[in-house]
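One structure follows; several queries about it will come next.
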Amino acid sequence: MSTLGLIEYAEATPEVRAIYDDIIATRKSDYINNFWKAMAHDPALLRRTWQALKEIMGPGALDPLTKELIYIAVSVTNSCHYCIASHTASAFAKGMTNDQFMELQAVVGMANQTNKLVTGYQVEIDEKFQPPLKR
Amino acid sequence: MSTLGLIEYAEATPEVRAIYDDIIATRKSDYINNFWKAMAHDPALLRRTWQALKEIMGPGALDPLTKELIYIAVSVTNSCHYCIASHTASAFAKGMTNDQFMELQAVVGMANQTNKLVTGYQVEIDEKFQPPLKR
Amino acid sequence: MSTLGLIEYAEATPEVRAIYDDIIATRKSDYINNFWKAMAHDPALLRRTWQALKEIMGPGALDPLTKELIYIAVSVTNSCHYCIASHTASAFAKGMTNDQFMELQAVVGMANQTNKLVTGYQVEIDEKFQPPLKR
Amino acid sequence: MSTLGLIEYAEATPEVRAIYDDIIATRKSDYINNFWKAMAHDPALLRRTWQALKEIMGPGALDPLTKELIYIAVSVTNSCHYCIASHTASAFAKGMTNDQFMELQAVVGMANQTNKLVTGYQVEIDEKFQPPLKR
Amino acid sequence: MSTLGLIEYAEATPEVRAIYDDIIATRKSDYINNFWKAMAHDPALLRRTWQALKEIMGPGALDPLTKELIYIAVSVTNSCHYCIASHTASAFAKGMTNDQFMELQAVVGMANQTNKLVTGYQVEIDEKFQPPLKR
Amino acid sequence: MSTLGLIEYAEATPEVRAIYDDIIATRKSDYINNFWKAMAHDPALLRRTWQALKEIMGPGALDPLTKELIYIAVSVTNSCHYCIASHTASAFAKGMTNDQFMELQAVVGMANQTNKLVTGYQVEIDEKFQPPLKR
């Protein structure tokens, strides 16, 4: 379900179907998840979001699994249950081990704790950490 | 500065100084940043937080740099300026390249966007992403 | 459901019932949603919240539909599922079109993304954007 | 300032300069704000973000000022000081009156309050607000 | 400073001045902090906010200091630097000790950590914690 | 349920069982809630989290019920439904009255509102609230 419903492949316009086809080809799986079927009501948003995701999440200076871990860290911090569920499944599919999953959660928990300790104690940023940090 | 002020090494109790010494030895740097000097008012908190950080952020199933990237992702999502500044400096010190920094930010931005798109469209979690995902 | 249960019209005290009556009269609908029935345990909170909402959400320098869009933008950013559901329904009832709904979500997604990009890159505020901006 | 510094027009690559030129032409102002100069280290991000912003924030089913108000609502909820400063300036430039500014803030404050009241009381979503709400 | 500037007592309208007088009388201090001087541009908001604050933060089933601690806990979690600064000062003025301040921060840090651990592990709510919990 | 499933007492390792035993002894109840059963996949995390919670949430400068109220305030602000449900149940078990529950929610709602009003109006921190506030 979704506010405007989900657009299935069979009922999609050619414009949307072309994006679905690219998702299928890129992921080597014919499963289109609900997120895309909900976004498909706005083909421009669907196109932009898929293009950006494809560009950003592929191999680069960081490997795809590391990027999934970062995605999960953000999603947990935002309490986005859909994204936690889908990206955790995706990370396991990309080879995340149980130990990596657990270390990820420990780091996320720790970071959320110290973020608030430093904020609550109103700690000023050390001179040496001030930007720019350009290398 | 900090709500209760900062406790410098010279004025620290032996209990606090022992933790400062461990921070110095572990990090191979005699610089103690403001966060620890602020927490030092509560020696039990200082001890617990440093012990946990040492256990969690060291090498394991994930390497220390990956953990720093995750830490930054959380800190950016929480708008914790102190933690962004200190962990970005720390990640560069651990070898993060400019390209890795930029890919990290792109993933964090993307995740924050899709977290909200999926929430705003009220998309239901796909059956296949439901936990448990135990391997 | 709700932590303290829901107070139905029939079992409400005269004080609560008077507020329910005003909600019904103002909205021209005899449907009282769960939010109010949960708040009714604290009649002072119920009164204050309803009074403020009535004053704020009515016509003014901004029209009521624009206010609903703003309400949804906040609720999505906070991941408040109840508020997203109720205010999205309310916005449609006030005439929001599907296209307006979709543009709203695109703006909310974009804003959440750039909020984090600017934070992660630690960008300093431009001199010319500094308050006061009084006209 | 920014983590990697700011890239001024004079030192920009042709690829970045072309985007700066489009920003200048679109906004009818030769002022490039710090956000873009910080993003310019990652030309692909700069291009994607500017393109998306241009597509999303222009006239459509919602007018540009309404979109700025939504942008501010998100930025306030996220405590993004840069975005609050820049988009508030931008909204005033697009004709937002003081009264509209004040009503916007009142709605944002109210929404943040009721978001938490409904969450703290654990209020269940009314059957009639359940998606899909497709018109 | 503030977006619309600050309205000092001397330049305030009679309506605003009456509220300033009530703040002064209630707090037994002639200091009006910036928050109220900024809100004063919108006298209806100023009145509503001050009235609600006076009703909510006074003695009741919870004592005023406990309410300040709760206020700080929310403000830290939201990274609201103004509110952290003002309510921490206010709590100290109401008798909060350094030890209470430190325990507060430890609880806030801990809660933020476990909030995210439970979210990241996607833990389902125990049957016995389900509302209603009416006593 | 949980991403990695729940570890019941009967299937737990001796290391995990020892912690479960301590939870049971400390709480004087043989009910182990899902949170601990999910964390048990990572015994080091389980141990650290339980030890910290025991140290922090016990009697000190603040009483245990006040600490639960603070925990709930954070959990509501973070929209952590599991923590809201479990700590609200726990607070009632520790003697929280309905009136205390309702005042807590009113303060949390108010704080979330003024946090955003002050942020949206870009109010500068008063000189007199600046840290350090050391007593």
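Which chain is which? They are A, B, C, D, E and F, in the order written, and residues in each are numbered from 1.
Criterion: a residue touches a chain if its C-beta (ideal position, glycine included) is under 8 Å from a C-beta of that chain, and two chains touch if they have at least 3 such contacts.
Quantities reported herein were computed from a predicted structural model and do not represent experimental measurements.
With centres computed as the average of Cα coordinates, no chain lies farther from chain E than A.
Taking the CA centroid of chain D as reference, the farthest chain centroid is that of F. By number of C-beta pairs in contact, D-F leads over the other of A-D and D-F. Our note on geometry: chain A versus chain C, Cα centroid distance of 27 Å, whole angstroms.
Per-chain Cα centroids separate chain A from chain B by 19 Å.
Taking each chain's centre as the mean of its C-alpha atoms, chain A lies 34 Å from chain E. Multi-chain contact residues, meaning those touching two or more other chains, occur in chain F at positions 1-4, 45, 52, 77-81, 85, 88, 98, 102, 104-106, 108-110, 112-117, 119-122, 130-131, 133-134. Contact residues on chain C toward chain E in their complex (touch as defined above): 1-5, 44, 48, 51-52, 55, 130-134. Taken together, the chain E residues at the contact with chain A in this complex read 72, 76-77, 79, 81, 84-85, 88, 104-105, 108-110, 112-117, 119-122. Interface residues of chain F facing chain C in the complex, by the touch rule stated above, are 79, 88, 98, 101-102, 105-106, 109, 122. Residues of chain D that touch chain C in their complex: 1-4, 31, 33-35, 38-39, 45, 49, 52-53, 56-57, 60-62, 66-67, 69-71, 73-75, 77-78, 80-83, 85-86, 88-89, 92, 97-100, 102-104, 106-108, 110-126, 128-131, 133-135.
Those residues of chain B that touch chain E in the complex are listed here as 3-4, 41-42, 45, 78-80, 131.
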